[in-house]
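Think of it as A, B, C and D in the order they're written, each chain with its own count starting at 1.
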């Protein structure tokens, strides 16, 4: 059964994520050198880039789980999909927030209609749509299936949206400002990958513990839930 | 094949007759469109230069909002009186019925907007050529809005607060249509070729015709449980 | 031939019925009984394919209904609590359109004679919104007269009908069974069909 | 604000993005923990009701 396994795994993921966060921050702030053109500000990318990568990837994972749930009618996949959505939305939010903070010293304004930022914003809208559709349907099975369909439609649309936004952007601005023109130094890469791994592990830990609650909620009428030690307390 | 076409036309004709009997609904959408478009100059000021630049965006966004407004009724009226259940039992694929309803919805709520465009374009002092391109882009783009919107309408069928939720779900998905639609007009006014924009819009339309009826049919089956 | 085995259905957390099985052969009629909330409507909607059952199988002439899909739908006529008629249209238009949606082209005269038999003479062309509840139900039930479906699934067909109309429905059921049709229905009123024994299926709240 | 930002880039980066990001994550963790507690309690209540029946 998935529930106890997830319960055992959560602390491991949580602890290793915390360690990696600490290591990544140390590398990012004390080991990695100051960037020649962007000064200290570039250090935002250690949180910005992992957050935006994760927000996009989690959407695909979510749509994948949702599709599995829709096609094979496996309830666990649907529960995973709905557990993934809030985490993905938060990462999208962090990516937007840090992107704006990075943009202020770099471009002199908080918000630039840059292709990446705009796509990220639309991604956040898609997450919010998924969450609110799921929340407004009372019947859990219909909620799972309807939002799964939405997630799939969204994931098909994401490339089209990205392409169109990018195209629109080049049309209006001529050239976009690149994040890092020069190749990154090795220590920067190390810091980046450590932070990325930390975010990954964090996402896994949070999603697993959220899905545990969802399982309990959905299966509260079954016998095995009644026999769980933490319930019997 | 013939039976499929026949069912398609039956559904289109049915929805058109119903729309004719309820003209007020159709008119409100159109009036909403005209009003929103007319509000923009009041909001940003009457400088012709700026208005001319803004016109395609304003008209497109208003068309998007107007089509959201009418989408709520696409399935819900039939859901409430039980006729939708009968359509689920049609002996031909449900996507045919859905496509029929999409087409009828567009003819009732999209086409009038396209026809209204020249008048509104004059309000914004748009050059004649740009108005033509705008009409063309709306002609290609509004069916896509109806089709994507139908998926949202099917998903939110019978939910409380369905109308707002519908916009929340559908608007992000409509962004590419908006971009290519306004892009075409922008390109035309700045003297560049606009055919690439229009062909991209056309490609979106083809994609939408190919996939959205099926997706919306699945959504309906989910929502009707 | 409709065969149902080990059918289970639930709404939300609530299990409506499980382990339900029956078979209905041509010429047979079945009444589904049960208290309010026992899942009668859900059962009928499941039989129509609107609701996916949690467990179990519904087979039409030996084949799974889910695989038959449209081929099965063309054999079914369903009338739910809702009349499935449009207020803005006349009874005649409603009948013709619903016949068309179910894949049948219906001539004007056939439609009019069906409506007349349902006791709507002189009201065929009035918009349905001016008719009374009972008359609307009659307009909806007129579909029974023009349909060629083998399986009728009717949810409370007698609601809002007067005595004359009820005996007309009994007559229609008799004719349909004589044509080797099948009927599944729910009702809270007594209904007698001449020449056929009604099978009873009781749903009890678990 | 702009001047302060240029003079203290590291503080800006820290407070602006990392602190906010970690705050967001901390809120999420708190919500998940809370949800876990609430669900457990709900399930227990349900079982109590069933037992007393």
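By definition in this document, contacts are C-beta pairs under 8 Å (C-beta built on N, C-alpha and C of every residue); 3 or more make two chains touch, one makes a residue touch a chain.
Keep in mind that this is a model prediction, so the values were computed, not measured.
Chain nearest the geometric middle of the protein is B, using mean C-alpha positions.
One simple way to say how far apart two chains are is to compare their mean CA positions; for subunit A and subunit B this gives 32 Å. Computed centre separation for the pair subunit C/subunit D is 53 angstrom, with centres defined by C-alpha atoms.
Rounded to whole angstrom, the centroid-to-centroid distance between subunit A and subunit D, based on C-alpha atoms, equals 15 Å.
Separation between the centroids of subunit A and subunit C, computed from CA atoms only, is 49 Å. Annotation for subunit B: residues touching 2 or more other chains are 225. Among all residues of subunit A, those that touch two or more other chains are 139, 220-221. In this structure, the chains touch in the following pairs: A-B, A-C, A-D, B-C.
Residues of subunit C touching subunit A in their complex: 11-13.
By the touch criterion given at the top, residues 5-6, 9-10, 12-13, 16-18, 20-21, 24-25, 28-29, 32-33, 35-36, 39-40, 42-44, 46-47 of subunit D touch subunit A in their complex.
Residues of subunit C touching subunit B in their complex: 48-52, 70-71, 73-74, 76, 78, 80-89, 93, 97-98, 100-103, 127. Subunit B contributes residues 3, 6-7, 10-11, 14, 17-18, 21-22, 80-83, 85-93, 97, 221, 224-225 to its touches with subunit C in the complex. Considering their complex, residues 138-140, 220-221 of subunit A touch subunit C.
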